[in-house]
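In the two assemblies presented below, chain A is common to both, partnered first by chain B and then by chain C.
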Partner chain A sequence: MSIARTNRMTPYLFLAPAGLVLLFALFYPICYMIYASFLDWNPSQRIGEADFVGLRNYTKLFSDPSFRESMWVTLKFAGVVVTLEMFLGVGLALLLDRNIRGMSLLRTLFILPMMIAPIVVGLMWRYMYHPTVGIFNKTLKSWGFDTIPWLSDGNWAFASVVIADVWQWTPFIFILSLAALQSLPTSAVEASKIDGASGWQQIIYIKLPLMLPVLIVTFLLRLIDSFKVLEVILVMTNGGPGLSTEILSLRINRTASEFRELGEAAAMSNLLLIVLLLLTFAMFIYNKAQDARAARLRAVEEEA
Partner chain B sequence: MPEIRLQQLRKDYGAVNVIENLNLEMADGEFTVLVGPSGCGKSTTLRMIAGLESVTGGQIVIGDRDVSKLEPKERDLAMVFQDYALYPHMNVAKNMSFALRLARMNKSDIEKRVKEVAATLDLTAYLDRKPAELSGGQRQRVAMGRALVRDAGTFLFDEPLSNLDAKLRGQMRAELALMSQRIRKNMIYVTHDQVEAMTLGDKIVVMKFGEIMQAGTPEQLYRNPANKFVAGFIGSPTMNFLAAELIEENGVLSAKGQGFSIPLPDARRASLQAHKDRNIHLGIRPSSFTEGPGGLKMPVILSEYIGAQSVLISELGGQQVAIEVNTVVPIRAGEEREFKVQGDEIHLFDPQTEAAL
Partner chain C sequence: MSTKTYDRQNPAFYALLITLVVMAIGPIYLMLVTSLKLNVDIMSDSTNILFMPTLRNYETALCDFLWYKPEYLRRCDPTFGRALTNSLIIGLISTAITLIIGTMAAYALVRFRFMGRDVVSIWTLMMRMVPPAVLLVPVFGIWTFQFGIDGSRGGIILVYVALNLPFVIWILQSFIVQVPIQLEEAARMDGAGPFQVFFLVVLPLIKPGIAAASIFTFRVAWNEFLLANALADRNSRTVPVTIVNSLTEFNIDWGVIMATGMLLAIPPIIFTFIASRQIITGMTAGAVKG
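Entry: the complex of A and B
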């Protein structure tokens, strides 16, 4: 082997260990899961004993109203929380992007929820939502209002998990938006002030458009994450009452452990994986497009 | 179109005082240039006038309105920034029309106005381009255009040419001078480049450490600098400064230094009498020397040929001196020549206060 060729191989050599780990830790389970999704497999069987049923798990899923309900809950949940979080996070960032004394402390406080483990968040909110001793109902009662069935009524339960998620994840969008805001070209904003833009007009015509690339990536990241939420809802409602908060990851969990249908659970996981892959792919394409645009602009600049 | 007055203007950044007590009047339609070394507070002053920087003390009066507490948009001004500050996400036409669109001018008027201004700035072909797709010079013109489409009472410029290469800068400087003649408006222009200041300004304000050293026409500043700083700042090549003593020899007042003695004109006798037998600083512009017999014998250490002119580096009494001469016959380094100094082109400064005598 020539030296040049050896040199070219060197990076791959160094990458190999990581590649091997990835192969076993990621690729193998995924293949395993894809294979399992074609089986009628009970947890008491070894995988070799399971019957091969082709696409039956998938066709069954699509005609299963519970699965469709769960899919709908997931979409609804992701849509609602990400929209709310985007509005609140970006709004807070716009509000707190100024140099007043104590602002850095306030910013730190705002991002605390994100740092708490999801299980803890779930427990915390479950206690606060408790029908009699929870802080919300106790407060309502002491003010003379009716109490609210936070976790025991379908619609309220959905709202409750949405509130908990928004509380936990708005900070994520807040810090990314704040970072984007603070890296905006200050002089463009100043120019717009001179041009006569009011505070709102500065936000709408200058700040938001310039933040857009960051906002889109933030949005996609958060969307991907919201499809995978599990612990908080598991702890708070375990999917109930009824199917009102049974998002897909909970459904998968139940199908495997309660209904003992490993094949079906695998098929669901695969569907979720496909949705997430599509979203990731969208983000990837978007980043590529941005890079290409930047490269083109640089080329123009150099030639000019 | 109003005059602008800065009264006892003060600016602190936290505990740091940048401008202490600035007083300045600008007449209606005047082109005022704030010039001074980097960090002397020119931009701060301009940005306070624009309303981008709060005023710590004092007033800014435009016409008969005290605008010091008003928002930028209530001050009726347009501004060109050093880094152009174009809106990256808007094309040239949108950039230029932004202010007009905010003011809800009707569409066809906006279009007409933008086209007019774009034509005068050679930007017609680029109206659809985004700023990133333009060269530096084009971006600079868009920034100008964005200010010009507006019919503002006052135009502010913060070093608008400093990011251009030398040739383009000269070109834009000339265009700017033409433009300022065409639209007689209040213009306040910040630069650290004295050539720009001299060529553009009706009035030049020389600043140092947040203070005004002198304000006046280019000619006043060049001919009668109020102090050593202004004398050294205005004019290129820079004025030579020599340590000397003011003495009376044979009834003639002269500046005597190591190895030279330059007689001063009688006209200055009265004002200089009080400083007799004291140390002074002598200021001689490189162009005040003329070559000819009967002058001071000076060695030519270095000869910088520029074209029609040459700048010679020489020595007088152990101090380096620059001399500007016409290059009819090139003078080479190593020669020794005689140079005379025009007595009425000599500047004298108090060594302590640096004020002109």
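Entry: the complex of A and C
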């Protein structure tokens, strides 16, 4: 009897520590944030002392031009960065999918930028973009060109931030698409070769369509992550000059610590979270649909 | 492996490869070189390849741990040394806790059928996407006013454990599924309880998964800035926080700051070289099947 009871309780015992931590340190804070987004709250107050203001934080946000600007910068940043990285990463994977010596060393070197701290990545790029001692301007000067205001002009600063992110994250797409390419059925590629397909035709009609499921998931993963970028930009420009590189997570940080408007910061976090949950949900649905399709295909095959 | 033959490629292809490698590690190399330079060399106009490498910047950063006192250093600033200790403690303890309770949870989700299993899996998947910036406000509020653990290492460790758990559970599931259930049944036949089966049979078999998960967990705890910045006080600051604090608008001491950046980057670089295969498995798991 007691053995049966322990057996029934076992899964819950195994789950309990993780469940408790997630409940108290992740789920509860998120609920707390949703509640806080309806409050007028500054960091010196306990939450009980804050006034309930209904939707005022949200209406204030949407009528605030600098919030709209920062929302636009976030979307622009995510769009530009993910597009560039997809093209470069997939292109490189198609190009380097060959039987060459040292491929694993190459992959190891490529994941380095993703592994080191974003703070350090920001530091490196801030140093390279430095107006006088940075390597870019030094090189331009020694070749006799004008120096470029990398981080002090709005448009250039946005471009610089994009370049740094492309440097850091293109390898991610590269590695995922390379893995996808190498797990493609060789029979399809071989068959197209026998039928006389050129290299380009193989890529466009055989390889890319077969890789598509992985590419879509990779795209969504990277898109979700691009909304989380914070430290690199914080170190490089801290959102400036003006608001040109102030993406949403930076603005949340500033609203909370500089303007001391916790309620408003919570409302912003809430909006960001909704965007991310929608994207995650899209990925989840897509995966389920893929699984269902694979199962149906298998069933059809078995019948035949 | 050594019997494998490789295709010959044309020289342009190798030129492209070399360009890519230079682009990938160039900035890291530049940071290393700068951290070995004196400020005079960094500021000089000419891009001279030849300079006297010096460990002086590292000595300045780590002066707290040195057994001798560098004679050029007038006053030893212990900030960085303290931050390094904090980062190590926070990183190691939070990784250990996350892995222990994460593996247990993943095991329960894979092996047992129980009420609410699907709900739990979907929620862990959802929680994976929560960015630190979203947690900033509530964690600051709760840790300060309700739990009273702001400014302590314990408080930071708790956030990191919570932040990493969903990912660890998710990635370990895929490894536990591959453990043959017959092994566990055999152990149970021999009279092992569920906890013995887990610790003595399952754990040793999923070592590669644990390696991948611990690298990812340690990396997040070691690199994270935002939450540590909001929660830490003077005595519990981590390395990323001190680096950002020492970045001022003008007059940055590039040599020393690059040395600290290098010290922060070294552990992840070492992990990458030791366990790149596991890291890539961890990255591709989920996106690429089969």
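Following the convention adopted for this analysis, the second predicted complex is superposed on the first by the 285 of 304 C-alpha atoms of A that agree within 3 Å, B and C clash if a C-alpha of one lies under 4 Å from a C-alpha of the other, contacts with A are read in each partner's own complex, and residues count from 1 in each chain.
Methods note: a contact is a pair of C-beta atoms (placed from the backbone, for glycine too) under 8 Å apart; a residue touches a chain by one contact, two chains touch by 3 or more.
Keep in mind that this is a model prediction, so the values were computed, not measured.
> Just to be sure I read the superposition right, which of the two partners does A:Leu140 touch: chain B = first, chain C = second, or both, or neither?
neither
> Which partner does A:Val162 contact after superposing on A: first (chain B), second (chain C), both, neither?
It touches nothing on chain B or chain C.
> Which of the two partners, first being chain B and second being chain C, lies in contact with A:Tyr205: first, second, both, or neither?
A:Tyr205: touches chain B, not chain C.
> Touch test for A:Leu276: chain B only (first), chain C only (second), both, or neither?
A:Leu276 contacts chain C only, not chain B.
> May I ask you to decide whether A:Ile148 touches chain B, chain C, both, or neither, giving the answer as first, second, both or neither?
Neither: A:Ile148 stays clear of chain B and chain C.
> Quick one: chain B or chain C, who's touching more of chain A?
Partner touching more chain A residues in the overlay: C.
> Kindly classify A:Val80 by the partners it touches after superposition: chain B alone (first), chain C alone (second), both, or neither?
neither
> Once the structures are superposed on A, label A:Leu297 by its partner contacts, choosing first (chain B), second (chain C), both or neither.
first
> In the complex formed with chain B, which residues of chain A make contact?
So the residues of chain A touching chain B come out as 185, 187-188, 190-198, 201, 205-206, 209-210, 297, 300-301, 304.
> What residues on chain C touch chain A, complex-wise?
Touching chain A: residues 5-7, 9, 13, 16-17, 20-21, 23-25, 27-28, 30-31, 34, 42-43, 45, 47, 100-102, 104-105, 107-109, 111-112, 114, 117, 120, 122, 124-142, 145, 158-159, 161-163, 165-166, 169, 193-194, 198, 219, 222-223, 225-226, 230, 240, 243-244, 247, 254, 257-258, 261, 264-265, 268-269, 271-273, 276-277, 279-280, 283-284, 286-288, 290 of chain C.
> Looking at the complex, which residues from chain B come into contact with chain A?
Checking each residue of chain B against chain A gives 50-52, 71-73, 77-79, 81, 83-89, 98-99, 102-103, 130, 132-136, 138, 146, 150.
> Once bound in the complex, which stretches of chain A touch chain C?
It comes out as residues 6-7, 10-12, 14-15, 17-19, 21-22, 24-30, 32-33, 36, 41, 43, 46-47, 92, 95-96, 98-101, 104, 106-113, 115-121, 123-128, 133, 135, 138-139, 142, 167, 171-172, 175-176, 179-180, 183, 214, 217-218, 221, 224, 227-228, 230-231, 234-235, 248-249, 252-253, 256-257, 262, 265-266, 269-270, 272-273, 276-277, 279-280, 284.
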